[in-house]
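Structure, as structure tokens:
A, B, C and D label the chains in the order they appear, each numbered from 1.
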Amino acid sequence: MYIDVLWVKFLKFPKDFLMGFSESGFQFEMGYPGDEDPNTDWWLWVHSPDNIAAGIVSGHLPEHGPAYLRLYKYDHDLGEKLGANVLRLGIEWSRIFPRPTRDIPATIERDDSGVISMVELNETALKKLVEKANKNAVEKYLAVFKDWVSRGKKLIVNLNHFTLPSWLHEPLEVRSKGVFNAPSGWLSEEIIVEFTKYAYAAAYFFGEYVDYWSTLNEPNVVAIMGYLQVKSGFPPGIPSMNYTMLALRNQIIAHARAYDALKQSTGKPIGVILNYMWFEPYRVENEDDVAACNEISYMYNLLFTEAVKSGSSIIISSNSLKNKLDWIGVNYYTRMVVTREKTSKTNWIPVPGYGYLCTPGGVSKAGRPCSEFGWETYPEGLEKILLMLHEKYKLPLIVTENGVADAHDALRPRYLIQHIEAVGKAIQKGVDVRGYLHWALIDNYEWAMGYNMKFGLLKVDYESKKRYIRPSALVYREIALNNELPDELVFYN
Amino acid sequence: MYIDVLWVKFLKFPKDFLMGFSESGFQFEMGYPGDEDPNTDWWLWVHSPDNIAAGIVSGHLPEHGPAYLRLYKYDHDLGEKLGANVLRLGIEWSRIFPRPTRDIPATIERDDSGVISMVELNETALKKLVEKANKNAVEKYLAVFKDWVSRGKKLIVNLNHFTLPSWLHEPLEVRSKGVFNAPSGWLSEEIIVEFTKYAYAAAYFFGEYVDYWSTLNEPNVVAIMGYLQVKSGFPPGIPSMNYTMLALRNQIIAHARAYDALKQSTGKPIGVILNYMWFEPYRVENEDDVAACNEISYMYNLLFTEAVKSGSSIIISSNSLKNKLDWIGVNYYTRMVVTREKTSKTNWIPVPGYGYLCTPGGVSKAGRPCSEFGWETYPEGLEKILLMLHEKYKLPLIVTENGVADAHDALRPRYLIQHIEAVGKAIQKGVDVRGYLHWALIDNYEWAMGYNMKFGLLKVDYESKKRYIRPSALVYREIALNNELPDELVFYN
Amino acid sequence: MYIDVLWVKFLKFPKDFLMGFSESGFQFEMGYPGDEDPNTDWWLWVHSPDNIAAGIVSGHLPEHGPAYLRLYKYDHDLGEKLGANVLRLGIEWSRIFPRPTRDIPATIERDDSGVISMVELNETALKKLVEKANKNAVEKYLAVFKDWVSRGKKLIVNLNHFTLPSWLHEPLEVRSKGVFNAPSGWLSEEIIVEFTKYAYAAAYFFGEYVDYWSTLNEPNVVAIMGYLQVKSGFPPGIPSMNYTMLALRNQIIAHARAYDALKQSTGKPIGVILNYMWFEPYRVENEDDVAACNEISYMYNLLFTEAVKSGSSIIISSNSLKNKLDWIGVNYYTRMVVTREKTSKTNWIPVPGYGYLCTPGGVSKAGRPCSEFGWETYPEGLEKILLMLHEKYKLPLIVTENGVADAHDALRPRYLIQHIEAVGKAIQKGVDVRGYLHWALIDNYEWAMGYNMKFGLLKVDYESKKRYIRPSALVYREIALNNELPDELVFYN
Amino acid sequence: MYIDVLWVKFLKFPKDFLMGFSESGFQFEMGYPGDEDPNTDWWLWVHSPDNIAAGIVSGHLPEHGPAYLRLYKYDHDLGEKLGANVLRLGIEWSRIFPRPTRDIPATIERDDSGVISMVELNETALKKLVEKANKNAVEKYLAVFKDWVSRGKKLIVNLNHFTLPSWLHEPLEVRSKGVFNAPSGWLSEEIIVEFTKYAYAAAYFFGEYVDYWSTLNEPNVVAIMGYLQVKSGFPPGIPSMNYTMLALRNQIIAHARAYDALKQSTGKPIGVILNYMWFEPYRVENEDDVAACNEISYMYNLLFTEAVKSGSSIIISSNSLKNKLDWIGVNYYTRMVVTREKTSKTNWIPVPGYGYLCTPGGVSKAGRPCSEFGWETYPEGLEKILLMLHEKYKLPLIVTENGVADAHDALRPRYLIQHIEAVGKAIQKGVDVRGYLHWALIDNYEWAMGYNMKFGLLKVDYESKKRYIRPSALVYREIALNNELPDELVFYN
């Protein structure tokens, strides 16, 4: 079939194309008594009365969530009926290791520039690590994974999605006592070692069921939201360009070391999932704006993958980082339009009225509809990002997140079709895109915004935990079951 | 399945429930060269350069339309695949009789009050009438009807949907020369006789294929838009309460006489299709507002059916009008909120910000989303109208029109579900609702607004005439194929 | 002083520069019992229940107005205190001659093309005419004029401002019976003769007090609103390009003959007041748009003055029309942006979102604030109009209307300053602008919109008839009393 | 005169009523090279690249400001011409003492509960203190004060308006190193002692010229913006209810001790200036909402004055705080509407769409116009605050701030009149209001918002430093010069 001017022609996806959904742990798992996980930085952060009073977080609590950990079969049924053949799930580090793993011995090497270039566990250490793991949590995740895999579906597992064990990050104390007077998460080098241990354990427990591994979800967002754009309400909310870079650097190294651990244990493709924005200059023929655009695009979209593919980026270089990437996960929502003000101290300024900076439920300055988050619909950016990454790295790409906050499904049907079409066009141009995973199957907990942002094809009634279908779910099903974006002739014959 | 707070529980429709679409002639038929019909008042009206320059009509022309007369098989295929088991179609009087039928003799009687109480044709007259009919037009309609009926579907045929032959109504001359110096349509009594002849002919030609007959579509709108709310751009656009009442009166009698003609020839159920608004007082406890509401509700919603059911209404009474109604067609779009201003000369005033008087694409004062026509979503009104009509007349009801101008399908999925749910609730309360016909399967020509208003589940590309699917078509299909509004459990098992 | 970026530098107006206010009869005079004038087309039009029910007129009634005819001393006091040295007032033809003057003999000549080229009254006829005039009305106007002139102020009198005696124009009958079956105002040639008689009488009665005469106010608006853009609610609301041109033609001749009558009797400068829009092409480099712009600009802004200055325009040519113009009254409110659609039947299309076609209280597509009428603030247009007229005719110009519908005075202070500045700039460039008359000193009756539009520097409480001061009145006073737009240094020293 | 429905009747202010303007140091003084003061917490805060990049501050810099310290004569001229008879000015502590005064010995006593109940300097200490003061700064302020006072005008001086010397508060280090690892401003008790020394010095240098003293400006805002509502962008931006209370407590004691110092030296009336909001329950009959409203109203509006008048409030009680208040400065801008959510952890929640939480340039949910800051116009609140404070304390009140961010003067004329009328009504009801000081005479630096918010009756061109007059300045002048809000009759005679 389909829709509007945007619909050009029949578009068939490759055989084995992955169509599915993405989930994380913290945002989906909780919802039934007994399933809470109070051992993360985010748990502390969103429960802090000071944060709630200050409006830094919503006051909504994750323990009232969609309860995926209890209702996974229900959701797997629904996902399957909508045509999904893949899920991307997250494991909560804090569930596997609610207590510190610092005592597990590891062999650590550094290269000449001081970068941690090796973290290895001997057999004894691995055994102790496995014993230290929370058996209930491991079994729970195994049950979830098995249920999905036993349906003949594919599984992508991501090790870390924002939340850190509170023994590694205590953001409230970091804020009141100072960055180096409390566990400071990605600002402290020790996290590299502990993350690698966690990767060894994950490979050990779950390696059998996982088709694609990812180490980190959106490390660029973690660094920027936590230490630069602090108005987003991410912990610890301390603005400092230095810390931003430090958090990025430690995540890069942690990725590389976790890559080693997973590779050695499983042999499966190992990637990282990043958030991508398509950056555009405000004044397309203005040199300053174009330069600003290129600079920020490098910093946001490329710095991380440059480091772990070529081994060298502007903030870190080391042979121990080289070729630690088998695939890239692409999370894409919208663009950003940037300009440069000569009188400003900053090198670039995002232009309000475009991309992430629009009126919720309004229309962008370019006339595009905007989500309840105030994010502009800009599907062209997804195609461009895929082309750019392909040209640069020639690696397999998977769209690991794409979706829209839209409680009443006023934008989602078109948003969905337009972005899947963007993927199709990239494939037609030779890009190796392996899959499209929508964010999300069901409504979930949107970090500092709580339950205010509704990203589900299925609505969740948080009282009854029942899932209801938004119309776009029917659109998704048409596409997924046919593995194509049919024009109406195809569809009707 | 389904959606949002509005979705309460599983709702199963009766066996043989009619699910389908409504169409009229003028708004759908044209689009290919050779299919134009220049012999109507509306053709003259929308082509008038003065009207276009004055902004009274859009300047869009009906001959660029969706071309149903040529592409009916295509549309029947699509309708069938979306689950329709019924169509309501219109015949264009002017196509059957492009030239006057005044010369066909008829026997006319009047009752004591002067109401034309009988119009009969003897055999010779009927034969002459049949000969006078345009054979090509008759065959075209037969082909259309047969194609649909041969699929095992039901057919409702409506004799007159706004457009009058220009030999009976020349609105431009009426306007410039005065009402009684040119053919004045429903203001002249002769139309009663000619309309009855037309009904005889229609029964003769098409009786075999028709399951339900309707005489007129929205005679209340014809009278009010043409002679009162003239800003709507309907011909002849001459505001006069007297003419409004005269047009209503002549349509009432014409209906009754056409009823006689159709009944005698076919024996099928014969009804009339009216436009309904649910009227509400602005200040619910204010006596003036409640009185205003009751008065206008009687005038708009009940006057016509009172006359042709009981034989008596405030503008006309005659035994010859009594019991001329077997079913009622309900066209429902939104409500109207009314108040009374003591200082005003009018008895009631519609309140802006509700019902038909909202900002296009905006939100009503009650927080309801509004269509691109500026019409508020108000499904409660449909249920209430059905209950009111049932209580009053105990006749079979068919929702013959319901839909929303919404090019990007931002409101239609919810609109559709909510109004079908309203029908279901009325049925559960005992109302004899026989069917729900959506307006419309495809985009069409919206009178003075031209192609600006998009009512189709399927989008029409007016260049290629190709139909594309809006997401709500998938929603409609789910409901129609299952003959139920499933909640999600039902839907997924 | 003054304001914002718009304020460049000190601007001194010429000695004897006219600063004042404009008023008409119908919109201002009534308000006290006994002062009603029911003998006009507009009185019939705005009282028509059909018109009110149709929303063609507001339902507000002129007899509840600001009561200038009773309170003129109060208003003259206020105007004087705000610094006015001139008033433009209107006489109501229907007050002077409530009954037909057709019986007064006149000598009429036509030229070869049939244009009425002379209308003369001999002494006897003039005497009979004077006797026929309503003495009360004459004395009332004399009292008003004397009160103002006795303050040492200047007076501009305009003979006709929209309203016609109902013996010459019965718009309701015109509409229902046809244009030529009732007195049809400017569509009938007889009005030329009667208007000339009225001019003779006015000169006779009031010549002594008048400094500048104007024959007609906005004859272009009368023709277009009455016979083309009928949605504006002007009588008789019959769209026809032919009638538009006929109404224009008859007004042109009537002006010329009234000019003769006034000139012969008074020797004072005689002009006409027109409405001006500044037309701009939508796509400035598009030939079609530029051509459309030029065509409509000629029709709207120039056709009338071409005819009565050069004696020749595209709709009428006659030596008897030549040089019948001593000054031009410029009414300016905003611009119009036009485009041409090749597929359209019309030669040009106004572009919504600019000029007169904006959202009330909103912002134009060019980012300009818009009045409660939905009119864009566009002061550049006033300067351009003045320059264009000067270049074309080298006649004295007076800005006879300029103002903004703005109940809460949110836009008026800037609007006022910007438009006075535009006048000042035109003067600096050599244009002979003699004065700036604001519309209006007080709130008044805005034709079909009734009291909804508030144009006064002074607010009128229609209950008590008391006048209140809006802040912009203080701004006006600063400018008028100083006869300059001072920058702040000038102002504060 | 005046305006709109709101204008009821003539209102005469008491003889000697103070009409004027308020200014602070940091927001007004800078603008010419050489006048910068880099020794404050706010200077560090608004220059921090991290803060700018994070959007916590605007990036505008105070050294580009209106340059009052250089242009005070110009402003005094303008203020005088607008009718002011009083100014409220601020002294910058950091200018008088750019270096620590900790070395100046003082005698300190504490009461039983540990509250610092006395801070005294002996003669030697005072001499050393005076010597330590920056002579240039002292002379500059003396010149400013003398220029104003020599015009026969009154002077109110406030000791501290937000900015602290950086030797007492280093907010960037507080944030990165932790609250107690850097100078922490109002969180540390030492500031009480140093503030008292500063008060001694101020009395010594300026006592001769000051009619009313104020110790602190809006200590409630300092505590809440700095330590609770951290999204406002105030230093140090660390949310903690504990710190909020601590900052309040230390300011209360500091006020009391400064009161002692000023009283002993000058004998003039000594007050404090607080920010006031009028709190209203969202659901007026809901007990929870009413309770929430009362609680927050106590905390925000009364806690400080309770402590320094009665000596006892819920966070501190001491005889040494009793009766340390001769007058109250009332800063009022708008209201806040609050509700209580039972499921929320907070005791009260402000309701968006009212008071401070509206769309900039929009309309509140109550239909009131909102400033460019998004603050609702709510003059009733000012009258109610004045009545409440009078009933509670029977002290002289001065409205020390009231104004509106409104670059184009679209709201200010009405805002100004309505709030002055509110003051007049309070006086008529017996409240001892001594004056109305508008915020502000000229545009200035609005803390974290920089130059984006325009509060001036006079616009400042920051390039040329020239002042331009907004229309409301003329309104202000009418009122101030007449010492009344004249109705139009009074005004015009």
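What we mean here is this: a contact is a pair of C-beta atoms (placed from the backbone, for glycine too) under 8 Å apart; a residue touches a chain by one contact, two chains touch by 3 or more.
What you are looking at is a predicted structure, and each value in this text was computed from that prediction instead of being measured.
In contact with subunit C and with subunit D at once: which chains are those? Just list them.
Touching subunit C as well as subunit D, we find no chain at all.
Centroid from C-alpha atoms only, then distance subunit A to subunit C, rounded to Å. What do you get?
66
Using mean C-alpha positions as chain centres, tell me how far subunit A is from subunit B in Å, no decimals.
Using C-alpha averages as centres, the distance is 52 Å.
Using Cα averages as centroids, what's the distance between subunit A and subunit D in whole Å?
The answer is 46 Å.
Taking all chains into account, which pairs touch?
Result for touching pairs of chains: A-B, A-D, B-C, C-D.
Could you list, by residue number, the parts of subunit A that touch subunit D in their complex?
Answer in residue numbers: 48-56, 59, 175-179, 181, 228-231, 238-241, 344-346.
Tell me, which parts of subunit A touch subunit B in their complex?
Going through subunit A, the ones touching subunit B are 1-4, 7, 77-78, 81, 369, 407-411, 413-414, 459, 466-472, 474-475, 478, 488, 491-492.
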